[in-house]
Each structure stands twice: as structure tokens, then as C-alpha cells.
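Okay, handing you the structure first.
To keep things simple, chains are lettered A, B, C and D as they appear, and every chain counts its residues starting from 1.
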Amino acid sequence: MPINEEGAAFKPLIVAFCCNWCSYAGADLAGSSRLNYPVNVKVIRVPCSCRVNPLFILRAFQRGADGVIMCGCHPGDCHYTSGNYFARRRMALLFSMLDYLGIERGRTRVEWVSAAEGAKFANTMNQFAETISALGECRRLEDIRCVESEI
Amino acid sequence: MQKIGVFVCWCGSNIAATVDVEAVAQASLSEPGVVFSTNYQYMCSEGGQSAIRNAIAEHGLTGIVVCACSPRMHEATFRKTAAVAGLNPYMVEIANIREQCSWIHRDKEEGTKKAIILARAAVAKLNRNVPLIAGESQVIKRALVIGGGIAGIQTALDVADAGYEVDIVEKTPTIGGKMAMLDKTFPTLDCAACILTPKMVDASAHEKISLFTYSEVESVSGFVGNFTVNIRKKARGVNSDLCTGCGVCIEKCPSKKAKSEFNQGLCNRSAIYIPFAQAIPNVPVIDRESCIKFQTGKCGVCEKVCTAKAIDYAQEDEIITRQYGAIVLATGFKPISLESYDEFQYNQCPDVITSLEFERICNAAGPTKGKVLRPSDHEPPKTVVFVQCVGSRATVECGKTYCSKICCMYTAKHAMLLREKYPDTEVYVFYIDVRTPGKSFDEFYRRAVEEYGVHYIKGMVGKVAEEDGRLIVQGSDLIADKQVIIEADMVVLAAAIEPDPTARSLGTMFTASMDTNDFFTEAHPKLRPVESPTAGIYLSGLCQGPKDIPDTVAQAGAAASKVIGLLSKDKLVGNPCVAACNEPLCNGCSTCELVCPYGAITYEEHLVVDHGVRETRRVSCVNEAICQGCGACTVTCPSGAMDLKGFTNLQIMAEVDAICR
Amino acid sequence: MMLKLSIEKMGELFQRLAEGRKLYLPLDRGGQVDFGPWTPEAKVRLDRLKTIKSAKDFFFPQTENIVSFKRQGKDISIIENRDAEEPFVVFGVRGCDARSLDVLDRVFLCDPVDSFYKARRENGVVVSMACSEPEETCFCSIFGIDAADPQGDVVTYIIGDFLYWDERTDKGRALTETVKSLFSDASGDSSLVERSRGEIRDIVSRLPLCSLSLEGFDGSALKEKFGSPLWSELSQACVGCGTCTYVCPTCQCYDIQDFDTGHGIRRFRCWDSCMYSDFTLMAHGNPRKSQVERFRQRFMHKLIYFPANNDGMYSCVGCGRCVAKCPISMNITKVIKALGVEVNV
Amino acid sequence: MRRVRDMMRSRAGELLKDGAVTRVLGWKSGEFYYDPTPSFFDTEESLDELVYNGFSAAMLSKYLIEATKKEGRVLVFLKPCDTYSFNHLLKEHKVDREKTYVIGVGCGGMLDIEKLRALGVKGIESMEELGENLVIHTLYGDKKFARGDVLLEKCATCKGLEHKASDELAVPDELWEWETSDRFARVSELEGMTSGERFAFWRGELSRCIRCNACRNACPVCSCNKCVFDNPRSGVIAKANADTFEENMFHIIRAFHVAGRCTDCGECSRVCPQNIPLHLLNRKFIKDINAFYGEYQSGESVDGKSPLTEFRTGDVEPGIVHERGGA
């Protein structure tokens, strides 16, 4: 496990955008099933994965997130019938672009998690956190104004 | 600036055991806007709720953050609490510190840190909240049913019985649909007409039901509770008010060369006709294509013989505008065209027929008066081969990938009926699988095999060829693992069924989404199976997917109950978390409209005043009654003109910032 | 005193100049030449006449922190975090850019003095360089700038295999002291330098834009020029980008904004462009609502308002960067031609 | 090209004369051969200043947004690549087709003044386009170049010389045609690098950005009334040039906002004062869209949905990025 300057184990900051109807409920189920996943995974609730604007993802990286994951209903199960299909195209293109710009591709991920898949949610977050831990801090999209100062 | 109160729940020990609730309450006090914080054992209890109400009053709070269980659990509860205390219910945010914090983290220090961050994010979001007010709209207490088959009839009857007006629009001259063409129904073998025609009569006699036969929907506008529909009543050439239905015109009509649609073209009908004897309304229609008067100007026999003076050659199409609160799509199905199935010689051999044609041949009112005779020479067939899955479950381009669901059962029915009427007829059925999931279905199929001695052969037919007036059927028997050749007199093809072709244009008109096979899609495949994603549009019968009569009737009733539920309301209260367009920013580019699953977005020319620059231009308008608040439009909008109330860009970014701080 | 140095030893000179201070000079950055901080690996490009951006950046940076605020609980503290006090040298500044500092001084050093600019001005030494091969986009001479004898704390020439170094100011002399040991005396080469100057001036005289006349561009013509119907025609192609203003050595407009870093607020100033639709945005919007007005503002300011308020000094130095870089090839010389006297046409 | 110019002048004159159009949108001669400016002409006499040469690269389509808000019909000259942008603007209801009259002009490839300068050309006095050669007279002597060596990037990788929209054409037979190279070759090359190399490449390029917005303002697709980056209320206003995240954010989002809409006209790169190859961002999206969702080029036609406003249930998963080769 990478160790940072203070000698403490590196705990990546992970932002998870979850749709209200499936994935957020899946995250809740992981909770009610008392399944563990890293404390630095923080969930932001959105109505649908199609509400996730690339601006939000870049903003998270700007502000020091080490990984961003978007979770939505499985394709075909969207509460709004087609939102996740649009989200899927957007994210496929955005993530490919970030990869192209040299942002480590492991830092972004999309996972479809249903309301019944609490275990999948927890496993996904554990795996993702492991991947990000191995990659270390995200330096390539951060904003030095936000990260390298106390102000 | 907001005045925010933060309320941290212990949830007994559920939260308090792994999160230091006091620390969370303390930490949130230093967040911008927070003027009050507290913690309590059970925030959702009456005690907790009254603490919230009191704090709102005492501190003049403009918004509250409740750090507790999932918003999916108690968001509604706390919104009500806030509303009772006079706060806008959308000035409430929930920090989920139970399911997404205390229950997953064992280390109290870590858990507390995370809870503080989650509270911070909720406060950050709340600082950007504005009070939202749900819109209301009137409900017009009338329903429109499109399609007058058994699905449409059943839905209409159920809605009308609940006391609401219903209009049925049917494009053919009579209601009854495909079921009227059937002879007997599986698995009970009761006569289709015997169970259907009373319902047709009920529908026509019902004081709350108006029938618009030989009519089509021309256009629609409006939204749930308030649709305006233009219906085109096609000119029948017969005045329905005057016609007595005596039938003399039909009898005397000299043009009798048109193929009978109702009898699948197996016999002819006159140019002025009713589709079948029990048709409703019992008013003939002049088929202008085959009418001598319309084609040459001469004739006029029907006009002469009509004592009621009901014949009106000058009659023109009429557009009727009606308003509806709910619309039910019951557009039904048709068998696929078998033109591209050369291997079965359907187009070439008259004795290769479809199952629906076979229904007519079996039917006492059909072209053969119920005697099973070969179309070519009117001889009774000695050997009949049924072929299932013609075009269903197909892997080839011209077929359908889905299972048509009803063919296994009606083929068993046909085989059984044939063996019963003509015990010396040999009957073979080629099948891929026999699918019998339904009440008494498998028993029915087994009777066909076991009691009626129908030869079921697992395998497909590769080729049908005509030789000396007989049909040579080549197929494979997968169980015996050999090729079989059967000399048959008649081959009956169980053609796949597909949605009626008119569904596509209706789907576009109503923004009711369709799947790749043109079946209407449901609002949710499991939980909302009779609703279209577009609010106020419901689905009844086969237009949603293959089903048999009992399923169709059940769905028709379900759709009716949804319609009744809607019409029973005087007003609809909308979800205020809907998209909104900031007109000065809008480019009118149409991309938002293209991704809206509900057709909630339209474009209008508006005068836009932006910092003194006045311009009339095309801008996007969201119909709040239709919008469901998914947010697809907000991301596709490049200028950020489209935003989602309750989940605005600024709110979500504030959460991101707070989490990453 | 004129000094000289073999150009082979330029690396040593840069090394020496960079000791204890930042040295900025034209560097190759992905094929583009711009002023940048010198490092031993840097690819120095003194051969390129024009850098993309001017030397203005080091006195008036594109983005600059002014002050920060930090909030702890309900308390807000104000933190000064200026970085304008570092000593630096800009090397290879052409005559036009060197003159542009006079224009900026007029703006930033008049009352109230801009302390950030002032600090940078005091801490920066300008080593200018004569232009050996002026380009067709150059028109510095019409503003009285001599490309052959630029202003600066030190003026340099590259003639043959030597760099000639001529200190001009106290700051220049102080800088010279720190590098003097590398140079040899070149008092004897003054005729050589003079001949080189003559050659440059000869080319300049033949440049197409150097025949432009500024007659009629002064405060007295304000109303006439402002009301000219030609502005709408001239501006119709303008796409409203900020290229001309950002490559300009004299444009001095800026915006002040706050940036929330998550830990606090940074108040910074950054260049702004009068060509932008959100320039000087107020509650009621940009007072100049159309691109015609914005376009007119830029050129009226450079050619009329500024000289009217600054003893006839134009706020254009004829560097020609905007001429070369405008996406649609509209520029100040076309404006001068259209609105000026007949002789220009 | 001179022949095309003569055709343009004579047709424009005729159309102005008989009142079919009220204004003509073309290019006006500048100080030097290489600097024509987009311009409107409203009289026959003014057409003497209408030029069309190897430096008439500036695309005219975007000017139609404002031009068609006015009374009267505009005659516009569009090169083949400009017609894509024209179609895109029609598709997004930005331009009123009824108020335009499009003459598709033949193109012999547009030339890159920056390439010439990089090749050491300075002190330009005049130029001559002679077939496949370009002769430049400068203060420092004459220089001769093969046209093919000094084409703009967008022309070296031209999408084709067919006009996708026009009311009539002005395309002479004898126009010089050139060999084009694969427009995705450079994208593929970058894809073949390691993540770190790609990062270094883009940091090097994007760190030169001066946030002048030329790329955005010249872009026919970036036609928002107000860009999110100019809107103080958007929460992402970005005026600062902090030499770090800002330029990444601006360029990634700009590319994303035009994804599926970009006509690959190449104006962004042409107008960039810092010569940043911005088209490589847009082309990456086009290449991915082609690979993921089937060939699509925005602007080929006015009708149909663009890739980001439609979907298929069997679309690739975003995880495809991880499955690709390379690092």
C-alpha cells in the first residue's frame, strides 16, 4: 500500500455518483446488510445517472478526488426508461477522452448497481478503492490552487 | 443567506454506536449558514419531529439538514415535518449517516469524520436550495381508448363502469378486433363470438361510452390530465343516424369482387359492406376503391334501394376535437407478412395458409360455413401439417426475435378441433418447443397429444413443395434425428405476430416510446407494466407485447384501474423537482428535446430580454406536468440553460466541493 | 560602455543572469516561441522576432493573486499572499515590447499606484535586443520606436558571432556588474553596431505598414471618429475572441474575481478583454452590448482616448502580433487605414 | 482559385443586380496576400474587393447566425468543409435556410501562414499561387514552396471536396487536387503512447493556452448565446489562466460540448494563436463515436439524431476504455 509523506497509509478520496432509484438504494442495502467498504467513498445522490454532468466529474478531480465512479440502474431498468443509456454514451466518451489526455484510466469507472445489489455495491467500492490506492494520489487533473495550499 | 438547523439522529445505537453524534452536531455549527444544531435519539419519532418544528419556529430557520437514515426512508417524513412548521418542504436535505456511514464503518473516529463530511455536503447543498412549489393541473374526466379490440373494449367498459366517459376510436368499420375473427378460444374451447359479442354490445349500449369507428387519431396536444385530440371520422358514405342496418344495400350491391378483410381474403364481399354479421355499429361502409359509383360515376343502386335515405356519397371526412384526461393505447397486432418465406410456398400454394385463415375456415360464419376444406379445390384435407414459430424466435433478418406466445396454444387447439371434427385426418405439428405456461395450458396440450393423437414433431420444416396437388413437407425430426417427408393436403403456418403498423405513428404522436420491435415500452418493466413512460398514456393489450386473451383482458382491466385512479383526481399535483429552462441562456438548439424520454420539451418563440438586449427567438419550454425530473436534458444542454430544480448544477457542485474539501 | 561576448558563451551568460533571480527569455515550447523561465535544458530562441505573448506578462501577469480569505468556523481572516517581490530579468525584449512598458507605466504608476505592478517594475530588469530582421507585420516606426535602438536597462545586438551589450540605466549597470566578467570591451566596435543599426532602419523604412500615417488620430477627432459609420463594417467579421488583447503588449484591462478553493477564497486578478461579451459585466450587463461597440472601444482607446489623456502617447507599439494572430485578419492597421487620412489608402 | 474568384464575382454581381440576394458574404482583400477578412458586400461595385485565394480559410457559415436575423437574403460562399458547419447550424435552428443562397466554391486546399513562418518566411511583400506552387516575394528574397507542404492541417486531412449543401456550385474543372492523409492518424499515434506520455504531450500543448477563446468563438458549433465559462452564475466561470486545471477543464468540456456535433472544420486549431492542436481532441471524440456507435460525421446532413442524443440498448460499456490496449 502506498504511503504518503506523513507515513500514513494513503486513503484515496472517491466520489460516487449514484442514481436515486437503483444504485443509491443498492448503497443503502449494502449499509443495511452491514457490508464494509472504505470510509473515503462518499456518495452523491442524483435522480438518474443521466444527471451526471462531466463538469461534476472534472470538478471532483479538480478539488482533489482520486477516483470518480458513477453508478446507475442496469441498462434497460432505468426508472426514466432511457436515462442510463444516454449516461452510458456520455461516460464512455468522457472516460475515453480522459484516458486520451493521460489521466490514468483506472480513476474513472461506471458500474450498474441495482437496488438489490448491496453486495455488488460494496464489492465494487472495495475494488475501486484498491485500484485507486494502487494508482496513488491523482495529480494529473488537480488544481494546484485547490490542493497545494491551505487557502 | 440561509439560516440552517442541523439535526443529528442517534437512531438509538444504530448511528450513535459508530458515529459521535454530538461531534457531528458541533462540527456542523461552523459550516456557513448553520445557526443551530442538535442531536436526538430518534429524530423520526414525534419527539424528534417536534424538536425540529420548535427549532424552526424558535430560530427562524430557512432550511434544515437531518443527519439520519437514508432519504429513501424518511425524506418524505421530514419534509412533512418542515411543512407543518411553515417551512417549504424542499428546504430539507438529508445526510445519510446510517446506511452510508454508521452501518458500514466500524471505527468510530473514521465514521464520525465521514458523518461530518456528509453533513457538510448536505449543508452546502441546502445553502443553494430555493423553495419549490409543486404545480397543479386540472384533470379532464374523460378517457380515450385507441383500438376497439377486446383490450380496448374491456378497458373502456371498466372505466365507464366507474362512472367516467370513454371514447373508443377504432380505425376499421367495427369494433371487435382480432378476437372477433377467432373461432374457438383455448384452453376452454368456448366460442370467441359468444364471449366477445356481448361485450361489444355492452360497449355500444353503455351510456358513458362513445364509439368512433372507421376513425383515426389525427393529432394530439396537451399533457396528462389535459390532452386535446383531433379524431378523423372517415367518410362511410352512409349516414349512421339514418341507417337502420337492414342490409338491403349490401344484398343489392352489384360490385362483389372485393376480398373480405374479415375472412382473410378467403371469400369476397360487396363494395358496400359490414365486416361481419354482428359488427358494431351495424352500419355499412362504402369501400370507395371497389364501388362502381365512386369509380365510374354510374350505378347508385344502394342509394336507390335504401328506404331510410341513409346513403350519402357526398359525405366527407370529419375532424372531431375532444379533450381527455387519460389516453389508453390498445392498438393490437397483426400476423406478420409471410411474403419473404418462400420455403413455405405461402404465396404460391393456396393450400398453405396462416393460422388466422384456418380460424376463418373452421368458423361456422366463415367462408366455408365451418367445413374444413382446402382453399384450392374445396376438398376436405386428409393430412394437415401445422408449422409453429414461423417468423417467431427467428435468427434471420425477416423474422422476429421474440416468442409470439400464443401460437403453441392455438396450434394445439386447431389440431384438436380438426381431429375432433374429422377423426380420420392425420395431423402433424412441427415445433421448436411447446410453451404452455398458463392455467390449464399444459393439460390442454397433453390432451391434443394423448387423447387426440396429434403427431408432434420436434423440428422445423425446411421446405414445402407442391406436387400433383399435394404438398410435400420436408422437415427434420430432432428427437428421432432424421429427415421426415410428409405428403399433406394442407399446411397451416403459425405466423409470428407483430404490433399493428399504425402504432408507430401513434407512438410518435404521443411520445410513447417503443422498443426495437415497435411494441410500446412500459414506464417500468416490472412495476409499471400498463403505463407508458409518458404520463397519462396507458397501455392495454398486445400493443405492449404478445399475450393471449386472458392476459389481454387482465391488462386491460389494470390499465382501466390506472385510468380510473387518474380521473378520480380533480387536480394533479406535480413533482416540483423538474427541469427548467433559463431562457436568456437557451440556444433553441433542440438537443434537450431529443433526449427527453417524456416529450416534455417543446420550442416556442419568446421575447428574451437579457441585460437590456431584446430578441425574439426560439427557446425551449418544459411542461412541468409531463417532466419527471430525470435530468437528461440538463447534461445535454451545452450552455447550461437547462437545469433541474432540487438537483441544480450549483447544488451538486457544492456537494462535490464539500466532499472534496 | 559597449561590451561583447561570443554567442557560443551565451549559455554561460544565461547561467550567470539566472543566479539569484529569475531569467525570462524567448523559449521554444512545442514549436511556439514565448518568454519563459530559463533552465539549462531550455531551448532559447533569440532568432524568433516575435514571441506569441509579449514581455508584458512579467510586469502584469495574466493571473495574479491579490489577497486570500480563510474562514474558520464563523471567523474570516485575510491573508496577503502577493508574490510580486522577486527580482527577475527579461532578456531579448524587442523595441516594441520595451516601449510598451512606458504605456503600462502610464496606467499603473499613476495615482493610485498599482502596488503589484510597481513592485514588479522595480524588481525587473529589461534587457532588450535590436531587431535584425523586421517583418511585414511590424509598424513600430509609426509610433516613433526605433527597432534598431530599443529602449531598456540594457540593449543588446547580435551582430555576426557576437552579442553586444550596452548598459543604459542604473539598473542595467547593476546587472552588468554581475555578468561583466564574461564580456570583453567592445568600444572599438561602435561603427559596426552603427552600421547594423543602419541596415535595420533601411529594412524598416521599406516595410509596407511603416508608411501608415496617424494624422487625425487625436483627442480633437474623438466625436468624428466615434461616430464613423465604418465601425460596423470593420467589426462585422470580429468573432469577439481575446486574441488581439492577450497577445498585445499594451492592453492592460483586467478583472478581479474570487476563486473558492474549498479551503478559502483566493481573490485574483486576471487579464480581461474588451472584446468579450462579459467584459465589465455589471448588474445590467456589459455596457457595450454589441460587438461593434466593443470593437470600436478597443481601437478608440488605443488611438484616440489614450493619446488624448497621455500627452499624445498611443497605446499601440506596432508590434504586429494582432496583425499576425487575428483569426479573421482584422487588425489595428486596417482600422488606421479605414479611418485615417487618404494617404493610407 | 483565381478562376473561382471570377465566377464568384460574376454570379454575386448578377444575384445582387436582380435582387435575388441583398447581401453577399465573402472574403475581402487585406494588406497582404495572406490576410483576407470575412466581409459583407452589398453593392456590385464593392465586389471588386472580393477575393478568394489559398488564404480564404476563415469559415463563413457561423456569420450566418447573425446575418439571417436581418431582413433579406444572404449569398454565402462555402467551401466544401464549410458546408458541414452550415448543415449543423441548420440542424440546430441557428440559421434560417430560406434567407440564404449558398454557392459552393471549389477549393484547392487552404494554406497555412504559420507553417510558412515556421519555415522561415518573413518580411512578406507579395505572393503568387501558381498551380501546385506558391511563390513568396519577401524583403529577404523570394521563396518557393510546394502547395502540398504548406497546407493547413484541416486541408491536409480534408474530408472531401463534395459540397454537402448548396444552391449552385462554382467549381471549375482545373482545380488543383491533392493527396490527403488519414485525419485520425495522429489520434491513433497518441492512443499508442503510454498514459504518462499522453499526459506530458497534452500538458505541454494545453499549458500554452492563453484562454483567449479564439477556438470557441471561431467554432461553428460553439454557438451558445452565453458560454458556461463566461457565465458567472454557472459556477464554472473560468477567466483565469492558472496554468493548471483551468485549461484542461475548459478544453475537455468544450470538446465534450461539441462531441457528436463537431463538424471537424479545423477552425479551432487554425485560429489558435498558440498553435495548440485542438482538433485532436475533437477528432478523438469523432473516432470514438465511429468505433462505438457507427460512422457518423456531423454536418453531412441536416436530419437525424446525433450520437449523444440517441442510444442503442446494446451500446458498448464505458469500461471499454479499460479493455483497450496500451496503458
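The rule is simple: contacts are C-beta pairs under 8 Å (C-beta built on N, C-alpha and C of every residue); 3 or more make two chains touch, one makes a residue touch a chain.
None of the values given here were measured: they were computed from a predicted structure.
For the pairs A-C and B-D, output the one whose chains share more C-beta pairs in contact.
The comparison resolves to B-D.
Return the distance between the CA-based centres of chain A and chain C, expressed in whole Å.
45
What whole-Å value do you get for the distance between chain B and chain D if each is reduced to the mean of its CA atoms?
46
Quick one: report the Å distance separating chain A from chain D, using the average Cα coordinate of each chain.
Averaging C-alpha atoms per chain gives centres 36 Å apart.
When the centre of a chain is set as the mean of its C-alpha atoms, what distance in Å lies between chain C and chain D?
Using C-alpha averages as centres, the distance is 30 Å.
If I count partner chains per residue in chain D, which residues reach a count of at least 2?
Within chain D, residues 226, 228, 231, 236, 242, 308-309, 313 contact more than one other chain.
List, in ascending order, every residue of chain B touching at least 2 other chains.
Expected reply: 595, 610, 636, 649, 653, 657, 660-661.
Two or more other chains touching the same residue: where does that happen in chain C?
259, 262-263
Assign the assembly's chain-to-chain touch graph to one of these shapes: line, ring, star, complete, other.
The chain contacts form a complete graph, every chain touching every other.
Which bits of chain B are touching chain C when the two form their complex?
Listed in rising order, the residues of chain B that touch chain C are 29-30, 32, 610-613, 657, 660-661.
Within the complex, which stretch of chain C touches chain B?
Contact set of chain C toward chain B: 71-74, 260, 262-263, 284-286, 289.
Could you list, by residue number, the parts of chain B that touch chain D in their complex?
Checking each residue of chain B against chain D gives 516, 584-591, 594-595, 603, 610, 618, 636, 638-640, 649-650, 653.
Tell me, which parts of chain C touch chain A in their complex?
68-70, 79, 81, 259, 261-266
Within the complex, which stretch of chain A touches chain D?
Those in contact with chain D are residues 54-55, 58-59, 62, 75-76, 82, 85-86, 88-106, 108-110, 140-146.
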